[in-house]
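Same chain, two partners: chain A is paired with chain B first, then with chain C.
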Partner chain A sequence: MFPTPVQQTSRPTRIAYQIALPVALVLWLLPLIGVALTSIRPAADITAGNYWGWPSSFNLIENYSAVFTNSPLAAYILNSFKVTIPTVIGAIALSSLTGFALAIYKFRSNLLIFFLFVAGNFIPFQILMVPVRDLSIQMGVYNSVWALIFFHIAFQTGFCTLFMRNFIRTLPFELIEAARIEDVSEFKIFWHIVLPLMRPALAALAVLVFTFVWNDYFWATVLTQGAHAQPVTAGLHALNGEWIAAWHLVSAGSIVAALPPVLMFFLMQKHFIAGLTLGAVKS
Partner chain B sequence: MPSLVRVWKENKLRIAPWLFLSPGIVVFSLYILLPIFQSIGISLFDWDGLGEKKFIALANYSELLQDEAFFTSLKNNVTWLVLYLLAIPAGLFVALFLNQTTRGIRIYKSLFFFPLVISQVVVGLIFSWFYDPSFGLLNTILAGLGLPTIAVLADERFVTYGVIVAGLWPQIAYCMILYLTGLNAVNPEQIEAARLDNAHGWRMLWFVILPQLKPATFIAIVVTVIGALRSFDLISVMTGGGPWGASRVLAYYMYEQAFSEYGFRMGYGAAIAVVLFAIMLIYISAFLFKMYRDEKGR
Partner chain C sequence: MFKVARIGLRLTTAMAVVTALALPATGKELVINSDSSFPAIKAAFEQAIVGFEKENPDINVTFNVFDNEAYKSAIRNFLSADAPDIATWFAGNRMLPYVDAKLFAPIDDVWAENNMSETLKSAESSVTHYGKKWAIPYTYYQWGVYYRKDIFDKLGIAVPKNWEEFKQAGETLKANNIVPMAIGTKFPWTAAGVFDYLNLRTNGYDFHMALTRGEIPWTDPRIRKTMANWKELLDADFFLENHAANSWQEALPPLVNGKAGMYLMGNFIVEPLREAGLTDETLGFFQFPVIDPAIPTAEDAPANTIHLAANATNVAEAKKFLAYFARADVQSAMNETMSQLPVNSKSTVADDPFLRAGFEMLSNVNGGLAQFFDRDAPAEMAKAGMEGFQEFMVKPDRLDAILARLETVRQRVYQ
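And then the complex of A and B:
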């Protein structure tokens, strides 16, 4: 292991490490800690300039319920779920099919199609912006959650295809050959043999796509306007404009908006990291 | 046997992949591939998004060459790119710090990873507040040290750096996780052998560890470069491109030209997007080239 495990070092080093860990963590998360602290302060503390001292009272419930009752935050969050959940399902469904096709079959344009999906991940959103907005208007979905769902499914399919294809390639190919000899249909091979083995990949992609789409801000501003369709990222930006200097509310709103992906991350950490670090280790 | 069934039986392995691919290809072409070409097309027109399109050939591009705001954005993109790359050594450093097996280390790792999970909108709000000239933590600290305070986001000289620091926070977390995963897979026998040869510290890191971390470094470079060139959310949330356009980057300037109160110049916006796309295409090609070599290698 590198660096040398602290257990094998001298006692002072060990103690220094044990002290350095929490200190480094607090410094690293300091901006976040500040926001969390502010979100439970009373408005009086904000006007008095008490940002970093002890709160004069703890207004956890007051602030968080104010955020929900005095603003459309709940509607924004509901929209985020309405966009995110169908996108996760759609992108995973499409990409398990494309990933299967690209991993299992040999045909001439295989690598070309695979590379198109991969390249799609890296393009700047701005080159898609005007045509995708026009397309959404023509389809009659502009300014609704569907505009976002359709676009996100298409875009995430690129990333998910990369992931699925590489994952399926690690499965034993003999399984498929054996099934073909038994004259099992190609779709049944996909459905009954490969899909059940893909569970870890499906889980990893579900958390990743959820987080990516939940945190999207650009498309939310391009394709939707107003609280009836906008997800929470765009909503938070709008509320920030309304709540000038009401930092206790901005902070509480930010924390609420950040919560779903954070919970998702802590519940499914292993899958999340497996997805993000795809390719970081030579297999 | 009816002929259609026979055709299917005989060509099953040739037709099946296209059936599996078709839904994905249709959606992906409609929303991703086609729009790229449409944007390139639109960049040759003068168009407000609603009225008549007027073909003006390369006039949008020649206007770009006269446009000071375009060059400010381009320069800021370069600054983003260069400074963003600092996330890679910083992430490696944090990963080395955390690559231990003491009690509770897993919780430390996940908490260090935290900023990456949060939306950039929230990161932007957090940092706007951190930089606030009257009560933000930064100025509280500066004042405590007896230094003059700085309105980071309102000062043309500092604003881009201020936003980049906010962007580095999650980006370092990303590189850290890549390196932590990489360090996990480093061959322990090689480390022991190197230790016997008296390699320690920096020499060990440079000659033994880093070569084994190459795949992680490669992915870290890719995601960091793409992240830097895509920067939009933080600028929109923290500065709106200001003050006086000093913190614009191409992605943001494009949006401003095509969509905001500054007017609906779709053609001009598309031309900016094409320039950004051309820059990114360099990195995309490099990435695909490496993937191609790896694919052929196995």
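And then the complex of A and C:
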């Protein structure tokens, strides 16, 4: 069997493994540990250069409550939800329809359209910065959550369509043929037969898109300004003072901002991993 | 404009509710846009506005707070498209683009009626362009050298008054393994602070202003004199090593831990240092030493201002507010809240040794008050300049190339 399970290797290898694993883990988690530690420090520690040492006092409650009382962080988090939830719904609704069409119907430009959706994923989205900003101004949505929702739906639909189309392809086509023989309308086939079978794919995609969109920083700073529309990734800077970067508050805010996707991940861990490999192999 | 309206709507709801309850609706309105998103500054504004509404119960004030950074890109937009009556901004050449674009209105009548040339004298030159007044300055803060008083006392160093004493103080500190000056130039405006002071002391206020207005070539021998003074400090290892890798904030620990003796900075340095444990016994302040005794001392003292928008709808109410904002009692109260200095000479200064020292220093300035390099020079020149200063501090040998580059930028920027 390859790779050989650790239990079956020689004793020195096992010992080396047991030592290397925690070391690698700590090393890998070091940045996160740093952020967590900073988030409970007083500001004085940072000014005094105590970045990694023992905190001079533990300001867990002070810092985390300051994040919500001294800054509009709650508004930013709310914006993140206002952007992320409609995007997840929109992207998944659209892509299950497009995925269905591309997987089930055989028409001449099928493959071409499919490639167009896929090609969208290969565009480095930074090159879209100026045109998308101009477009959102002309549409009158610039600097509102709608600018982000529209863009994310449009951009995520490409990837979601690839995902959905490949998933629906794996479903037995006989199901659809059987329904057609019974004279079921095409939409009803989609709604009553395909959609229920797509549930694992829907869940996996929902988790993925939620994480992608929640963590987006680039578009948040390009398309929105200020606490009325910006999501939390862009809003963390509001925790800084005019002159002083309040790293202890920014760290606390970052941890708060990271919680929803982390929670989402743990709640739907199974789907998340399934989502990464779904459609990778075709049976 | 959509975006301005949205920001305004959200942020003013609370304010509007308060005023709607308190006031009879007689229909007089006043709209103020401000960048005061930081808690202390916002509180100072709100307190001043409440006072204004009390005195003028017929005027309903709408106070829009923008995010400090977002304001800088929003202001041109809203001044031309959906103008408030009053907008906050900065003194010096930083306001020139809006003056030239006719987005700010001159307010000489407000200045004359309220005798402001006397009360706001110290900042008068910084709000005057083309012979007209364009703003009410309401707050500023001093720059200078913050130093470890306890270390100076222990080593028997007196507060340096001139260039020789300053360099000598540095030598004594170095002999005791203390770096003379902490600085972090990762964000290079700190290097511009050093340049401002060296140039103000070497060539004087008028020269410095002419330079930032683009009237003097960067290859001028007088600039070279300033840079030669700077090089003396660099050759003497005056500054913290690796300064280009640290922000100004990351250069604070050496001062706190006694590994550095001085820091040239604005008065906002005091708050984090106090938090970190320095007291009025261990932290002191002195005016940047004199280099050429023939040159009257000038200081960096950046002022914040409020302006009448050229497209304002409620001009009469706005002028009332401008006059109110210039008053001694209003400025005293606001600046006490913000821990800064009031501009009105009849104001009282908060009971704080550093604010008092700054107030005393600035009251005795006869050379003039500069607004800081990146407010006096246009944005593009300021950026190139600050990068050049940072480079010079790391590689002083490249002086010729740096000055030549700055001169190219000058010729392009000030056409």
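Odds and ends about this structure:
We take it that the second predicted complex is superposed on the first by the 264 of 283 C-alpha atoms of A that agree within 3 Å, B and C clash if a C-alpha of one lies under 4 Å from a C-alpha of the other, contacts with A are read in each partner's own complex, and residues count from 1 in each chain.
Heads up, the rule we're going with is that a contact is a pair of C-beta atoms (placed from the backbone, for glycine too) under 8 Å apart; a residue touches a chain by one contact, two chains touch by 3 or more.
Bear in mind that the values here come from a model prediction, so they are computed numbers and not experimental data.
In the superposition on chain A, the chain among chain B and chain C reaching more residues of chain A is B. Look at A:His237: by the touch rule set out above, it reaches both chain B and chain C.
In the superposition on chain A, contact of A:Tyr142 is made with chain C only, not with chain B. When both complexes are overlaid on chain A, the residue A:Ala48 reaches chain C alone and has no touch with chain B.
Within the superposed three-chain model, A:Gln8 lies out of touch with both chain B and chain C [touch as defined at top].
By the document's definition of touching, of the two partners only chain B reaches A:Tyr105; chain C does not.
Comparing the two complexes, residues 49, 237 of chain A contact chain B in one case and chain C in the other. Looking at the complex, you find that chain B touches chain A at residues 12-14, 16-18, 20-21, 23-25, 27-28, 30-36, 38-39, 42, 49, 96-97, 99-102, 105, 108, 110-115, 117-122, 125-127, 129-130, 134-137, 140, 169, 174, 177-178, 181-186, 188, 191, 204-205, 208-209, 215-216, 219-220, 222, 226, 229-230, 232-233, 236-237, 250-251, 254-255, 258-259, 266, 269-270, 272-274, 276-277, 280, 283-284, 287-288, 291-292, 295. The residues of chain C lying in touch with chain A in their complex are 2-3, 6-7, 10-11, 37-39, 41, 66-70, 73-74, 247, 249, 252-254, 256-257, 266, 268, 271-273, 275-277.
Every residue of chain A that touches chain B in the complex is listed here, in rising order: 1-3, 5-7, 17-18, 20-21, 24-25, 28-32, 34-35, 38, 49, 51-52, 94-95, 97-98, 100-102, 104-105, 107, 110-111, 113, 115-120, 122-132, 135, 150-151, 153-155, 157-158, 161, 186, 190, 211, 214-215, 217-218, 221-222, 233-234, 236-237, 240, 247, 250-251, 254, 257-258, 261-262, 265-266, 269, 273, 276-282.
Per the touch definition, chain A reaches chain C in the complex via residues 42-44, 46-49, 70, 140, 142-144, 225-229, 237-238, 241-245.
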